[in-house]
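To keep things simple, chains are lettered A, B and C as they appear, and every chain counts its residues starting from 1.
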């Protein structure tokens, strides 16, 4: 079974928005999105359990996204594909999902995995958009995945507890960070990552029209940045025996009780 | 405007109902949509909260709360005309539906919104980014405009209206019905998980010892919230790591965060600073937490917390609130 | 009176020396293994790349990975911190014919400089001591320089392996044959967690230790091979910040005096630096010898206090703190250098070996030069039929270092630091005399006392530390946060320490540590190892720092 994992390199450390471009400043060090590490780990476990198969990692990003791809290869993924093109810069959900869907069609994997969300956009939305474009069934927030033949049994974590959902392959699954503890790459793995196949393709190579990607292909825009509203007056009181009652009044005032 | 309404059992969920109220306040003519089986009766509650029309998609394949059939339903409604925006209140289901719909209709989706306004003819969303340290004004460059609001962004407001019910014939894509619900979740017996909880009560070193965590648990139970802990007490073995809130633990943004005996070092702050309301109880008047708490109580947690729990229990019993 | 050395840590060098245990055919083999991606290690890797470029047959014989550099931090630069004003001499030599000066990642040239003696309210300008002249030198961020050197090293063919500490020295038959890397995925009690990944044996034909200050395996090697110099090593602790400023600073500044005390009984040797980094950034730091005696001394808090001085406050007005970090500096100088810098299969270079010129506050160019010389010596031992274990094979390294400007400089200023053990004024006079006579007077090498042997005193020093205001002055925890430290909480503790100590020793450590790792507890000292920024101060003052799990610790970018 071929598994494709979509990963992203996210800025490391303190994040800031560049006031000039109104976009996230990605100029510093980057790291493999932690939820994507869970997805890579799950792919490797499924491959190990089946005793056969291939795990490919796919990313849309600038050249230095290679670092994240290489980390996944060091963990044990077999191949990496980077879609790197100036024309894709500034892609929103629509544009990103369009490009990734095209790359994934090419990969033709039985299972496509995503991390539930990314540390720099926290959307939890990419998997659903890509699945729709691929016309594949999709399950999100997977806290456990087991495979039997051509079906997957997925425990989905919701606000109400766990659902158990069965979905036939080919499918798209987004995994939550509760699903596993990603492995540390072994030193051999890190050293061997360099020599695993790593392809870099452009939008043209994928047959993606320039109008579908980047800012042109995006249907949302950032208009302005603002300071958040001040938290409001903070009150401080000393307990003279009535503090608890005053807290209750406060909570009622704030409509929390 | 079209608002995606969700239900659990036979009640509409608060979050999307709040979005409906907001939409109605923005725009007179707002429609809601309910999807499931045996859901027609929910239209009335929608009408009371501002919907002038409610689309009802009621069919057996729609029984389970799975996203892809709902994308089909909403796409159809939008294609039939007259919808310039589709609004969602965040949930696991709603996020998947909103994103799938965006791809289906080639529509822009802005998420994690805390507010929305009309600026001339267009909609402008306010998105809280980077742990609420910066607010971003976002817009759409096409229609329909899809907006996913943060859970609890708006309170439901009853305006006592009446909605016209429109039955929607259901026609689903083949791939939309491939996922099958084998077992559906029920309400969690032990209370909400810390990341989803609306209310979190946390304990820190000021509690004095692990035996005092019962005070925190008591207050959390009274408020219907989850229990959190600081790195220091987890390190010391007073509480499990799964409850740790902070830089190296979980990040939470509940509507209410009560910090008991917590100093408020930045390693903890970054895990809870975007909470709606922060109440802190600490006997050290110089604790950094008082700089960003909305209400700070300088006092002994061993006195204040049990008293607070007692008062809240009393209120619940006398039916005054909750 | 108590001394920290009364409570030695449970450390035995022999625990960190082992024979390889991996079967031969599974062993990871590299040609030259360099431990540490700092200026010394990377210069070594770059020089090797240059030499191997012209010797393809040697390169061929070294296998798939001719040069590997292990780095314990998340990436090269993550654990690098210095002032820094860099003498470009060694970089010029390393990149001769390949790069021009303006291609090197310096932020600015030193155009003006000033030295001040501070009192609580005033700043008295002093003539710049000859050892501190900086014309022709450049201000740089060592972390940025490290990142840049790492890219150069990779382009030259070196494989850099971050998040990989070297925890044991592999010794077989009296020869260093490589290192063992650290385990990942252990719990606080040492147990193997679900994702446990054991470290690996890495075999190499030559192992170069370039670990920097308090280098773990360097310390182990000095013990194992009896390489200690005639005098013990001593250290200083530097705590620094980087600020975005409203007004550009036009000069490199060094200060002495306040907030340090001149009396001999305190043994407070050090000063501060304030350097411009381009037009909009300023870096400033406080450096204090760890032979200080006062239990209440805290270098981090002295830095906060320094910032309240009118001279400094003015520079920082309207600015914003954007980085913080701490690191120790070896200060023993010439007399504390190892008596030999090599052993069979092993070479020692950079700060780890102690190549720092304290009066000039320079060590980076020595690190680069010795790293480069180590590369040349290693290369000479890689020829056909050669091994690095033949007696005398790496002798050329020691010979080259002794002939270099590194040796000459350090010899000239030897004893200056030790003179300051007699107090600021006597020390100053003696230092002046040494300078004037280029190291010939006074005669005889001054004894160096170990930092850990200093008897503790208690004064009311902490009373004048400013309360953190979050704008100009800051507490330790928010500083640790700013360093980018996100170390996993349940890692095993990497700090070896005697726990049941009297309160004054616990307080000594609690105040000493810039990252608030230690706290006074009922029965001695409590430790929060995940705060640790691996500065190394604890090793100087009674404990022992060992490398934690790879990738842990700070993620410096501007320091």
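As a convention for this text, a contact is a pair of C-beta atoms (placed from the backbone, for glycine too) under 8 Å apart; a residue touches a chain by one contact, two chains touch by 3 or more.
Everything numeric in this text was worked out from a predicted model, so none of it was measured.
If you average the C-alpha positions per chain, which one ends up nearest the average over all of them?
A
Between chain pairs A-B and B-C, which one is joined by a greater number of C-beta pairs in contact?
A-B
By mean C-alpha coordinates, which chain is most distant from chain A?
The most distant chain relative to chain A turns out to be C.
What whole-number Å value describes the gap between the mean CA coordinates of chain A and chain C?
Averaging C-alpha atoms per chain gives centres 38 Å apart.
Take the average of all CA coordinates in chain A, do the same for chain B, and state the distance between these two points in whole angstrom.
Chain centroid spacing, chain A to chain B, equals 21 Å.
Return the distance between the CA-based centres of chain B and chain C, expressed in whole Å.
49
At least two partner chains per residue is the criterion; list those residues in chain B.
Counting only residues that touch two or more other chains, chain B contributes 291.
Chain B touches which residues of chain C in the complex?
Against chain B, the touching part of chain C is residues 470, 477-478, 480-481, 486-490, 528, 530.
Looking at the complex, which residues from chain C come into contact with chain A?
Result: residues 28, 65, 68, 74-75, 159, 161, 164, 181, 184-185, 193-195, 197, 199-200, 202, 484, 555, 557 of chain C touch chain A.
Note which residues of chain A are touching chain C in the complex, please.
Within the complex, chain A touches chain C at residues 12-14, 28-29, 181-188, 190-191, 194.
Of all residues in chain A, which touch chain B in the complex?
15-17, 22, 92-94, 97, 122-133, 135-141, 153, 156-168, 171, 218-229, 231-232, 234-239, 243-248, 250-252, 254-257
What residues of chain B sit close enough to touch chain C in their complex?
Touch residues, chain B against chain C: 231-232, 234-235, 241, 244, 247-249, 265-267, 270, 291.
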